[in-house]
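First chain A sits with chain B, and in the next complex the same chain sits with chain C.
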Partner chain A sequence: MEHESVPLYWRNIPAYYRLVAKRCKKCGEVYYPPVVKCTKCGSAELEDYQLPHEGELVEFTVLRSVPTDFLKQKPLVIGLVKLGPVKVLGQIVDAMPEKLKPGQRMEVVFRRVVVDGKYGLVMYGYKFRPRP
Partner chain B sequence: MKVGIVSWGAYIPKYRIRTEDIAATWGDDPQRIIDIYLVYEKSVEGYDEDAVTIATEAARRALRRGNVDPKKIGAVYSGTESKPYAVKPISSILIDALGLPNNVFAVDMEFACKAASDGIVAITGLVESGRIEYGLAVGTDTSQGEPGEHLDYSASSGGVAYVIGKDGVAAEFEAIYTYNSDTPDFWRREGSPYPMHGEGFTGEPAYFRHVVGAAKGVMEKYGYKVSDFAYAIFHQPNGRFPMRAATILGFPPEKVKPGIVVTHIGNTYNASALMGLARVLEQAKPGDKILLVTFGSGAGSNAFVLNVTDAVLERQKADVPKVDEMLADKIYVDYATYLKNRKMIKLFE
Partner chain C sequence: MQDVWINGTAMAQTGRHYGLNADEMAARVLEEALKDAGYPEIEALFVASATAEQADKQQMLGAYIASRLGLDKIATYRVENADGSGGAALMAAAMAVRSGLYNCVGVVGVDKPNDVLSNQQQDIYSTATDAVYERYFGVTPAAQAAIMAKIYLAKYEYKYEDLALWPVLMHKNGASNPYAYMRKQAKVEDVLESELVSDPLRLYDVGPMADGAAAVVLCNKKGAAKLLGMWTSTSAIPFNNRPDYDVLYSAREAAERAYRMAGITPRDVATAEVHDSYSIFGVLAAEALGLAPRGGLLAALKSGADLKVNLSGGLKSRGNVMGATGVYQAVEVVWQLMGKSPFKRVDGSIGVVHSMGGVDKVSTVMVLGL
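Moving on to the complex of A and B:
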């Protein structure tokens, strides 16, 4: 599979690692993934906005047919988690799907997301898991 | 105010494998294995976890427990013997994973299971000299042994992180002492998948000589006796060694048992004794003195005398998972899943 390029991964590190979002300085709208222009008011003046690392599970689904980078992690649990003002999509780990319930407390964790073969870069990023 | 531990965080991956399931795979008698090592089960990382992710979780919890501003961290030192990269530090990844400033001393340290405690020593010096305000010492490992061999029953995964500073200290360092020598007890050559042991070196010439040497050294040099301590914590490659070290030094079992975690998570290497310390700090009272002795093959030990302060009560109340909670929060896996999660099954990549 074609992975994200090393420069692109590097540019996205604050967003991937720490969930640094963007907030419009004019109207206050928050964007994750980050954007360069506010789609609500059109302003290009955005500032970094740190999302909280805990939130509430909104929805989740269990994928049994998965992208090639995740073939060895079937089934893949993907969830939408409300983190402050935004809902963020991500993988859910360390959980039995039958025990997950919308509304439950989730925490952000730091995990391997893509490993570029045997010799390439290990790309890290956020995932979610039930808050212990 | 003396330099000491401002805050701490521990992370134990959620998966466990029982000793009996390992023994069943390799035709060992599980009761005999448990009798030898006193390890009932051990922690196993998730498929997407490694020493970097484990370090990050422990460090985030340490910062959260003490409400420490990451921008005030002036050094991050990671002790490990299971780096995902042969060349590329864990500590630099931690800078961005934790939001530390770029003006932060960062390096990975290796001395088998002892390196994380050398990170603590180095950071204590940097804080004492006034060069930095706070430092973060991390111990993280996903260590492996050859499947079916002795280490397969104990080598496990986990991490700890300690914020060291002068402000808001929960446990002061009253004394530090070290004992090191060239001892061929355990090694792993570059490119070798599993470590090897020097026949007959593991116990007396390695573990006991250095652990007891450092413990006696710190007590003699700084004038402590066994009765001064509420707790003694030793590196724990298995459940027997720390109890025996305690007996040699004259510590009663009740002062040692609270710091023993190996029986239920295995040997987390650089997080081993320091995980025991985290568990003890989660129950200690102001005024308690703690003796902590780490050990790394090769070989060496660092001994620390800690004095618990009033601030420990505040840290204990923080909304951060306790070691005991993590010990209880687990999902058992079978031996095949264990091999998969530890990336020990050969795949096309």
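Moving on to the complex of A and C:
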């Protein structure tokens, strides 16, 4: 699949690079992906909230049938990681899947995610790895 | 409020239809459904398609399907909810008749995923995940289904072999359905030996994508089956923040509301067609429809219960016809209630359709009665 939209990538850099979520100023609920309005208390006053870069593995799978962009990286380990108040879904790297276990400590790393085949745009983002 | 009846039904055999364009394939099936209904004058056409732009580079498919049949001056609408488009189009069409605006409308579901290569099918299917927070990172519906399967199996202390009973049942059902894509029986060993797609899910847990088209004609006058209740519901919770991974929230809500509207309970359901794009979703959907208690469907399968679920073979055997799926399911349930070939008449007069888009993003449940 071709990622022809530079603005689409650019505007999501805070999330991709730094895991910036939203927190409700009124009730403190944290949202990732961000919401436009707090679904808990209804307040529209939300502030940026930096998710912690360490957490705990909830569950994972080794995905062998991947989209075109990821053929060279196949298989992908896709995991659900609890980072403070929320869970985040993403790729797990630097790990042997057979050694991964729910509950183990994980940390966020910054990696290349995909290289655009058409314009050569290199796109980055967070991934997870077991904490050494 | 007008009563809504299904006056005409038709479907094409699913598979690889390399010789037909999407609009032609849809028009042929719609023509059959119109014929079945006695050629009423339809005032609107609702088209369900998940892949028209991506696989066939066509927008406004309804207008082109209408052109193929000379259905001039009617309203056309395209409804897209990924692989749940069929249910959503049926819901929109039913509302249009129920409101009294139209006397008769056509609903046609069509998708031709085999017009593209299998990797491109993965690209298309993954656009049903969140483009920014999921798809960007390589997440696909299969990966999400796999995580849900792992959590479900662990929570209720099942083995993968227990989940394998679902595809075995689907193949058994689909083997006698000439409209199905995979018409062969399968043994548990076949499932266990098939290649891993996203552990624990194997090839046999995945509904193969197939080209297909199905159509129904809905009118406010008496027809083959009556629409007793119907509801569409989203689950607004992002996948990463679900409180529970062993339930389909959208299906549960849609079923509850549709059953209430129809005044039925799960005991009244004689047959159900559910959206098993992955085996685990078939299990969770059947539980959401109340056909087994939460966590209990595989136990029922293990004990040899005679479940009247996906007599068509479901997405596993009939094929995942993407946006057309919900319309296929409606046709199948009507035929099962009527005892129309290739289906034997089921023991009861009420059938249920569950159509779902993506991984529990939006479900439609439809209750049909004779």
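Heads up, the rule we're going with is that the second predicted complex is superposed on the first by the 128 of 132 C-alpha atoms of A that agree within 3 Å, B and C clash if a C-alpha of one lies under 4 Å from a C-alpha of the other, contacts with A are read in each partner's own complex, and residues count from 1 in each chain.
Going forward, a contact is a pair of C-beta atoms (placed from the backbone, for glycine too) under 8 Å apart; a residue touches a chain by one contact, two chains touch by 3 or more.
Since the model is a prediction, treat every value here as computed from it, not as a measurement.
Steric overlap between chain B and chain C is absent once the structures are superposed on chain A; the two fit side by side.
Of the two partner chains placed by the overlay, only chain B lies in contact with A:His53; chain C stays clear of it.
Looking at the shared chain after the overlay, A:Arg112 reaches chain B, while chain C stays out of its contact range. When the two complexes are overlaid on their common chain A, residue A:Val6 makes contact with neither chain B nor chain C.
Once chain A of one complex is fitted onto chain A of the other, the partner contacts of A:Asp94 are limited to chain B, with no touch recorded for chain C. With both structures placed on the common chain, the touch criterion links A:Ala15 to chain C but leaves chain B unconnected. After superposition on the shared chain, chain A has more residues touched by C, the comparison being chain B against chain C. Within the superposed three-chain model, A:Asp69 lies in touch with chain C and out of touch with chain B [touch as defined at top]. In the superposed model, A:Cys41 makes contact with neither chain B nor chain C. Superposed on chain A, the gap between chain B and chain C at their nearest CA atoms measures out to 12 angstrom in whole units. Shared interface residues of chain A, touching chain B in one complex and chain C in the other, are 73, 113, 127.
Interface of chain A with chain C (complex): residues 1, 8, 12, 15-16, 32-33, 39, 59-71, 73, 76, 78, 80, 86-91, 113-114, 123, 125, 127. Residues 14, 46-50, 52-53, 56-57, 60, 84-85, 93, 96-99, 321, 325-326, 329, 331, 340, 347, 349 of chain B are the ones touching chain A in the complex.
Every residue of chain C that touches chain A in the complex is listed here, in rising order: 119-120, 122-123, 126, 130, 132-140, 142-144, 146-147, 150-151, 195-201, 236, 238-241, 245.
Remark: chain A residues 13-14, 17-18, 53, 72-73, 93-94, 96, 109-113, 115, 117-118, 122, 124, 127, 132 touch chain B in the complex.
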